[in-house]
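Have a look at the structure below before the remarks.
Labels run A, B, C and D following the written order; every chain starts at residue 1.
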Amino acid sequence: MSFKPAFGKFARFTAPIRRFGASNSARTAVLALGLAAVTAYTVPELQRVAGSWLSACLWSCLGYFAIDSGARAHAAIQAGRGWSHIFSVSAFIDLLGVVAVPIALLCGVQSTTAWLLASFWVLKLAQDSPGFAQLQRVFVVEAKALASVFALFLIVLFLSSAAMYLIERAAQPNAFSSMPQALWWAVVTLTTTGYGDKVPITYLGRLIGGIVMICGIATFGLSTGILATGFAAETRRRNFIRTWDLVGKVPFFQSLDPAAIADITHMLRLLEVPERTAIIRRGKVGDCMYFIASGEVQVDVKPSPVRLGAGAFFGELALLGDSVRSANVTTTTASSLLILDLADFRTLTANHPDLRRAIDEEGQRRMNENIQRRERQPAGGTYSA
Amino acid sequence: MSFKPAFGKFARFTAPIRRFGASNSARTAVLALGLAAVTAYTVPELQRVAGSWLSACLWSCLGYFAIDSGARAHAAIQAGRGWSHIFSVSAFIDLLGVVAVPIALLCGVQSTTAWLLASFWVLKLAQDSPGFAQLQRVFVVEAKALASVFALFLIVLFLSSAAMYLIERAAQPNAFSSMPQALWWAVVTLTTTGYGDKVPITYLGRLIGGIVMICGIATFGLSTGILATGFAAETRRRNFIRTWDLVGKVPFFQSLDPAAIADITHMLRLLEVPERTAIIRRGKVGDCMYFIASGEVQVDVKPSPVRLGAGAFFGELALLGDSVRSANVTTTTASSLLILDLADFRTLTANHPDLRRAIDEEGQRRMNENIQRRERQPAGGTYSA
Amino acid sequence: MSFKPAFGKFARFTAPIRRFGASNSARTAVLALGLAAVTAYTVPELQRVAGSWLSACLWSCLGYFAIDSGARAHAAIQAGRGWSHIFSVSAFIDLLGVVAVPIALLCGVQSTTAWLLASFWVLKLAQDSPGFAQLQRVFVVEAKALASVFALFLIVLFLSSAAMYLIERAAQPNAFSSMPQALWWAVVTLTTTGYGDKVPITYLGRLIGGIVMICGIATFGLSTGILATGFAAETRRRNFIRTWDLVGKVPFFQSLDPAAIADITHMLRLLEVPERTAIIRRGKVGDCMYFIASGEVQVDVKPSPVRLGAGAFFGELALLGDSVRSANVTTTTASSLLILDLADFRTLTANHPDLRRAIDEEGQRRMNENIQRRERQPAGGTYSA
Amino acid sequence: MSFKPAFGKFARFTAPIRRFGASNSARTAVLALGLAAVTAYTVPELQRVAGSWLSACLWSCLGYFAIDSGARAHAAIQAGRGWSHIFSVSAFIDLLGVVAVPIALLCGVQSTTAWLLASFWVLKLAQDSPGFAQLQRVFVVEAKALASVFALFLIVLFLSSAAMYLIERAAQPNAFSSMPQALWWAVVTLTTTGYGDKVPITYLGRLIGGIVMICGIATFGLSTGILATGFAAETRRRNFIRTWDLVGKVPFFQSLDPAAIADITHMLRLLEVPERTAIIRRGKVGDCMYFIASGEVQVDVKPSPVRLGAGAFFGELALLGDSVRSANVTTTTASSLLILDLADFRTLTANHPDLRRAIDEEGQRRMNENIQRRERQPAGGTYSA
């Protein structure tokens, strides 16, 4: 009995398992399991009762991540991105998750402590996430402003600590015995955490404490203001970029002049929908229309459903007249839809009357087609949702 | 004596009570009473002293909610929305409020514990509230961004817990005896709650504690930035949609070109006013004008008051010349008013001179009419407020 | 010796004192003194040592506020606003500050307790403050959105309390003995205050505690988002209204078309300056120009200073060429200035080339005038700062 | 042996050291060292073990700051800004850092206490920082609004303290023995710090406590809203001003009409890059293009790198077609670059088709040049990154 056919059989047999194992859901589930096991492993009672089970679970997770990391590296090399993958943060997180614990164990670190290094698995949450890239960009763009707030934070921290140490050390020789103690009080107070393990008791100390707390509110306010400003700009920017390329794929918009396209791109919102997902439910109140950038949807009209492909639009009837959806719409494949909100639709059609006319004409065309389809049944049916 | 006439008499007799009982004020009052009773019922002293009274009160509230839920279901079925009502969140909240406690009591749960389930009544605050729908939409639209912040939160949480457990367990074997203990410390610190039940005491532990607190500020800032961005967009969007339909009902705006209508729709703010409510008080400084989308108002001018119906506008005199209101204006029926702010009025009339001219002409017309009315007293009177 | 001349003499003699006494600084000083005395009066040691002094101080403040309130009421009656004053919140605050303590003392309340009522004096901070009116408007306009967040707050509060009471009462029969105790824990946690007087100790309780804290961050974020959105809109609106009337007084803008005036009104910022205050200091880097809406300024140019009255502008040289201020500018009387920022100046002149030309021409005219003035010294001098 | 040549030799020998010593990195490092030494000096154990080392370190830092302050004053005098420097905040901070400790020591203050005054060194973080100037402007512009929020804060603080003192003093005679004690509770609660050293225990006290916490959220929200609004406006304004002057230096923009220049100035973002820094890395996805306002960059194209000077642009290929960068770009000297984001590029070229044409033509020109360069190797090479 040769080895290859047996392996082929095995490969065929395990294909669905492997496909599932490589899915995001599986990774997330293993991640959750692994972190839970890491946590549980540090509880003495649980370790006594179920130590070997937890250990097995941890090793399994480690194994899974090793295979997963290998597969990702393999895929990157196949795609010719080998070197750029190796030096990426993502690959480093993969590596850390796989080798940290074994190395620690080999170095003779006690197993309870060594498995704590598996906490680095939590970093996988940040891997390849577009949302993280966005947050990171906000921090990069606003770095200078945030640094100024942090400097302000440090100034208040240090001066208030020195003052507090001077004022309170006589009254509370233990709690404020040195600057590091006072600094700890200051950071706990300035961030408005307020553990209460060190509290000023003199009048002057409390006055300074109150000022530090108010500075804390200002610190919160400034950093929030900076992050909010940066985040709003970044969201606008990112949405525009993601939408722009897709707008070009919708023939409907191609007749518009460039300024109108830029306008509409600012208004559209991208929605990625997996296959077989309901987008519109009949009878619900509609407040947006959809353009199909890629993929396909099925409109459940009588007598037989109609399919709309990339470039088509649907859901416009709810914006033009009656606001109740007249048919169910479901994706047949994973699709990218561009959503145009009711409010934006109105602003847009008010400023670009030709756009309104084009939508009306398309609606009319569908209506006519519809009548013809009904006449040559069973192929016909209204299909504007 | 037949049953039907007696019931009819009873129905007539109790009509006002039933009408009041179905009002929002009654629901809110019963809700407040019920929640207060649930709270009081758990206090041993109160239960001993007034246990039966509280019990009666709780059962009454439950009865009220049962009748109210039934009435709502009945109304939904009458309106042909039976099925969609049954599967709605609102109906589930109604059901939960009615059946949870009886089922628990039937299952033999102790009465003090069973009545705790009446806490679900508080969910009625969220039922059919447009504000909640708005908040929910903000969370849905910003879901990805919030998920990224939450992932960041989890990463900081887990890594800092592991570090803290490693660092502090020697110094405080009780407080940081395991990862779950350290996780509790981390969540209390990262949200800047700071109970103070677990506090790092080593230098390194406090350094990490300080970093976690600063991460807490960043988490606050990012989530606030996301929610603020989302909320501002949603408010603009919602106001536009609510206003747009009403703008169409004001003949005054129909002469404008679509772009101007879109402009003005962004500026108007909708105000729903109950009947017999004062809108303008004579002598106050005015900073907005009103368009009546639906309903009717009465302008208290001498010699006799004038009524203005849907499509009319008032309060424009304060924007054109003198800023003091010259007459009281009160609604006669529940009305929908569109408010145009002074600042927006000026921007608008600057960009659309024809609008200014139309308002001036209308004012002139009223003035003339006024003079005529005064001549043929007692029917006349100025009525621009 | 008749009474009237003696009173006249007294009135003349005390006029400056009375004028100072009616000033805002005096009111604020008396308010600070009064509140400090109220605070000090409750400290047993201070009362023992300086009780009569504090008492005298409190009575003096009360006397001052009585005279001040009377003067304000008198002024209101003189101005024909008597009735509207009497029913105003401001008059109520005045009244409360004067009569609350005496009434309490007459009713036999102990003096330490009675003087606590003088705490109402702090409300005078809110009297007649335009900033407060602005904050109030934000709360009014955003009332519905804030109510939704508050309802969310109540739902989380109540459900988490019920859950916590159920979970923790066995483990901590004292801390979580009833729902009110659990509610107190929930409000302390949900606002992220975190006293630490009640802390969950079971695993499940801590899980719920963590969720409540995260809900607390969401509550913070939502309410901040709402208030920030409302505040930004209100600031824009208020600035426009305050600026608009003044823009009309500057002849320079009158040649512009209405749309340009609306544009410029959005950009200008109002600055109220008391008399004899430096606005521009020679040698500083300038990043804005000023239009005088009312009042007068003095430009300290050689050989003799020049005065510019309402309608004039200054400081434009720093925007046109060299950015360093070339002369000191000081107000001679209380003035209202409209500030045009460098960034807005550039945007504005880019969009309205005629405006740029007008400013250039005016500058040229001044330069020429300047040369002529120098020729017929000592009256001449450059006066563009 | 004469003194002068020896000094010259010494000056030449120490030039690099002095240059490094005057750099920002050196100042920051000394600052960090100094503050660490100040902190360590207050810890009794460290003082006992390494007191003389710490003392030496502190004196060295003081010496460094003395020399540095002198050099700065000298430079200011050289530049003719002597007087304005002497009266600046920056000079005061320099002076305070140098003389505070020696004066204290001369006055006979104990050395541990005297060195606490070296905490003022932390103020050097704020010296000459543009970010601080920006934060300061936000506080100045929003001063009135922040004052209103602070007044609201004081009102809630004082009224709640009075109420709490009244309610809790019977139940907790020690914790709430006087108004100052209650004020401390109020400030700790209103800022949501929540030490837990004073906690209400009566029902009424807890109700008021809850209200104060909710007011705390409102205070946070309002001040954050104000600061966020102010910060967003200030950021926009500052970016415009910094960018405007540089836009004039790029010949490419000079052909545009002023309105388009104002538009583009709002979109560009300034980036100051030190010498020999990578700006674009080959193979990365590009989402912006760069204009060189000043400085020079090197494009690493084959066969030999090309240098681009002030006025040139690069990185546009990623915006026009393929989004992957085709070459590394590095600065050769410290440069000011203007970044135009992909989203803004598209909006801009949509509204100004001539701009798009100009960029295309320039690209075409480069391509042709490129071909010619390749033909006459080794001087040629594509250099559009």
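A few comments on the model shown:
FYI, a residue touches a chain if its C-beta (ideal position, glycine included) is under 8 Å from a C-beta of that chain, and two chains touch if they have at least 3 such contacts.
What you see is a predicted model; the values in this text were computed from it and never measured.
Of all residue numbers that take part in the contact between subunit B and subunit C, under half occur on both sides, making this a different-residue interface. Superposition angle, subunit C onto subunit D, using Cα atoms only: 90 degrees, a multiple of 5 between 0 and 180.
The interface holding more C-beta pairs in contact, when B-D is weighed against A-B, is A-B. For A-D, the equivalent interface among the listed pairs C-D, A-C or B-D is C-D, as over half of the contact pairs agree by residue number. Between subunit A and subunit B the centroid-to-centroid distance comes to 29 Å (mean Cα coordinates, whole Å).
Averaged C-alpha coordinates give centres for subunit B and subunit D that are 41 Å from one another. Shared contact sites, meaning residues of subunit B that touch two or more other chains, fall at 180, 192-196, 220, 224, 226, 228-229.
If you check the complex, the residues on subunit C that touch subunit B are 84, 141, 144-145, 147-149, 151-152, 154-155, 158-159, 161-162, 165-166, 177-180, 183, 189, 192-196, 199, 203, 206, 209-210, 213-214, 216-218, 220-222, 224-226, 228-229, 236-237, 240-241, 244, 258-259, 261-262, 265-266. Against subunit A, the residues of subunit C that register as touching in their complex are 192-196, 224, 228.
Partner subunit A is touched in their complex by these residues of subunit D: 35, 38-44, 113, 116, 119-120, 122-123, 125-126, 129-132, 134-135, 138, 153, 180, 184, 187-188, 191-197, 219-220, 223-224, 226-232, 235, 269, 283, 287, 341-344, 346-347, 349-351, 353.
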